[in-house]
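Each of the next two complexes has subunit A plus one other chain: subunit B in the first, subunit C in the second.
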Partner chain A sequence: MRTIRVVDYLGTPCLLAPEKGETLAAELKIELQAQNHIQVDFSGYEFLSSAFLNHAFGQLCIDLNWDTKTFRQRVLITNMEEDDLEDLELAIDNAQTRRGLILRGENPDQYYSSRLPT
Partner chain B sequence: MAIVIDALDLVRNKKRLPREAFFVDTNILVDFIDPFSRSTTDPRLAARNVELAEVIHPLKSWGSKSLSTASVALEYYKYIQVGFYKIETGKDRLDTEDFKRLRDGDLDFMTRWDHQLKVFKRLFSKTFPLLDVTLTLADVLSTFEGSKVDFGDHLLFKATLASDPKLRCVFSNDADFYSFSGEIYLLTTNRRVIAKAASESKLLKA
Partner chain C sequence: MRYYAVTPESFGQLGVFGRQIQKCTPDRIDLKVEFVRPYCVAYLDQTMLTESRARSINLTSTYKKVNRYLRQINFEHLAPRALLAKPFPQQDIIKIVRFNGAPLQVEAKVVSWLTETVKPFLPKQSPTLWKRVVENFWEITHNGIQHGGGSFGISACSQFYPMMGYFEVAFYDRGNGIPKLVRAFGAVKNSSPDCACIEWAAQKGNSTLPTGTSAGLGLHLLREFLKLNRGSIQIVSGDGYFGQDGYGQSTYLSLRNPIAGTLVNIRVVFDDDLYQLEGEDE
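This part shows the complex of A and B:
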């Protein structure tokens, strides 16, 4: 199984910007075409944002049409703090809701805007 | 009137917070946690999320205590409960009986709600622990000007004032906090509040 060391790959221990998440997701997609499983190692990171998790992993589930089980089977997350793992769990849950909306032909942004205050 | 602190300027220039702690307002928590992952496709919310992470993580790692109050926890809980129900069911308003039925009997709903609750409990026990503050309820009600401010903001302001003077700092992007009269600091990323405070000599200088 190939391992991506996130801090080395992105060149920073501060995992905040959504663009960093997108960069990681793009690499994961390429790697997952060639192999079934990948390890994503977070050793050495300092800070993490929800936006980063949504763009790295939530969007990956949406783009590849993965359910939570498939994500867990194919992506092994290591060396992430427990609190951040809980936030990742939330990001994956929310991606499933978005997937469901897209499959029903709804626009997630419009759906959320009409139900949540900004 | 509060003394305003430009939160981004503070962390980017590694300045010291003039208090030992800050109390978070609900709007900060919602944008920082992003409980429904709206930052996935909304660049404005993503920018707010990153901005707050850029402030909160360093402040905590430099030793500032990050605190919350029961009124903020209640507001946040209602936000996730109502939002979660509306998103999951597609309904326009919360039906509490239906919520309880789904929470107790629908496996998908239960699992996802459980994850929200896990984050909720961690937030108010660990990330922003609740501080027990004794408020005089008669004073809280008699000083509440409902036509000017939201009751939740009033409660947070009163709780901050009732706490140890070393802790009197609120982190909020709600402009109402600027006009509260009392010796507190207002930590914010709200550019309009920062500009107004600068023009009125109420912006903290290093």
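This part shows the complex of A and C:
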């Protein structure tokens, strides 16, 4: 299984801007064409944003039409702090909601507007 | 008007103040307040930047200490008289900053501002608390620039209040504003009040980015962090107001006077025990 060390690959421990997430996602897509599994190692990172997680992993699930189980089977996340792992779960769940709506032919915009709290 | 408090009424007065700035002649504003909080300064900075496109405009205060403070934070629009004010002897006053440009540039500037300018003024904190502060403040700045799209980006003004044990920071952009974006996205009815638009935007998973884009967690996570921290947040956009207090209670209401763009005011409590109990000390 190939390992991508995120900090080395992106050249920074600061993982905030969504563009960095997109760069990682692009590399993951290429690697995942060649192999079934990939390890994404977060050793040495300092900051991590939800925008990064959305663009790196949430968008990956939407673009590749992956459910959560497939994501977990094919992408192994290592050395990520517990709080950030929870945020990653949230990003994947959030992407699944959007993906599910698209698959059902529903308009996510209408879905979210109908869930406006009263 | 005294901008002492962090209340909906105080935020509502900003709209009145903004209109007075637009209409005032001559082009000097006399600020008759005894104390300015960071959110007032951030609002003033962007508002006067916008006004200064059409005319030369500057500001002074009736109160020397306000002039001294504004000078010390490098407030750009001071009248010559106010520039004569001597700085305060204490060195714990944090300079105002503006962010604009491409996301990667903004990221670098936000991290450098927080690490090099803000952090030295704050009490020693746990790495986890500091990490969350940087991440959340970056998200607010990024959202303000990305969604707001204002000509002058976003202004941030901050201050640590050692006696109170909290750090307050305000971000203000005079861009699109949340209500306009949320209505254009079709997420709420056009007749819905501005506060309903903010309410929509503050929910987990909601984003005005295109449908197939994974987004909409930043504000939700910020609110969760502040609940844990017992901090607070206020968001004002149009005449909509959203507040979450130190107990996690939310308030949505309509202000009498709208403001242009979006103002976000955050208070972070620097009592590490609060955060460590939940997150670190295991």
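The rule we apply is simple: the second predicted complex is superposed on the first by the 105 of 118 C-alpha atoms of A that agree within 3 Å, B and C clash if a C-alpha of one lies under 4 Å from a C-alpha of the other, contacts with A are read in each partner's own complex, and residues count from 1 in each chain.
In this text, a residue touches a chain if its C-beta (ideal position, glycine included) is under 8 Å from a C-beta of that chain, and two chains touch if they have at least 3 such contacts.
Please read these numbers as outputs of a predicted model, since none were measured by experiment.
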{"item": "Touching partner for A:91 - first (subunit B), second (subunit C), both, neither", "value": "both"}
{"item": "Which superposed partner A:83 touches (first subunit B, second subunit C, both, neither)", "value": "both"}
{"item": "Touched partner set for A:102, first subunit B, second subunit C, both or neither", "value": "second"}
{"item": "Partner chain in contact with A:13 - subunit B first, subunit C second, else both or neither", "value": "neither"}
{"item": "First (subunit B), second (subunit C), both or neither touched by A:49", "value": "both"}
{"item": "Partner chain in contact with A:61 - subunit B first, subunit C second, else both or neither", "value": "second"}
{"item": "On subunit A, the residue positions that both subunit B and subunit C contact, one per complex", "value": "16-18, 46-51, 54-55, 58-59, 62, 83, 87, 90-91, 94-95, 97-98, 108-109, 112, 115-116"}
{"item": "Of all residues in subunit C, those that touch subunit A in their complex", "value": "103-104, 106-107, 110-111, 128, 131-132, 134-135, 138-139, 142, 185-188, 196, 199-200, 203-206, 211-218, 221, 279"}
{"item": "Residues of subunit A defined as touching subunit B within the complex", "value": "16-18, 46-51, 54-55, 58-59, 62, 83, 86-87, 89-91, 93-98, 108-109, 111-112, 115-116, 118"}
{"item": "For the subunit A and subunit C complex, residues of the former touching the latter", "value": "14, 16-20, 46-51, 53-55, 58-59, 61-62, 83, 87, 90-91, 94-95, 97-98, 102, 107-110, 112-113, 115-117"}
{"item": "Partner subunit A, residues of subunit B touching it in the complex", "value": "32-43, 45-46, 49-50, 53-54, 57-58, 61, 83, 86-88, 92, 111-112, 115-116, 118-119, 122, 126-127"}
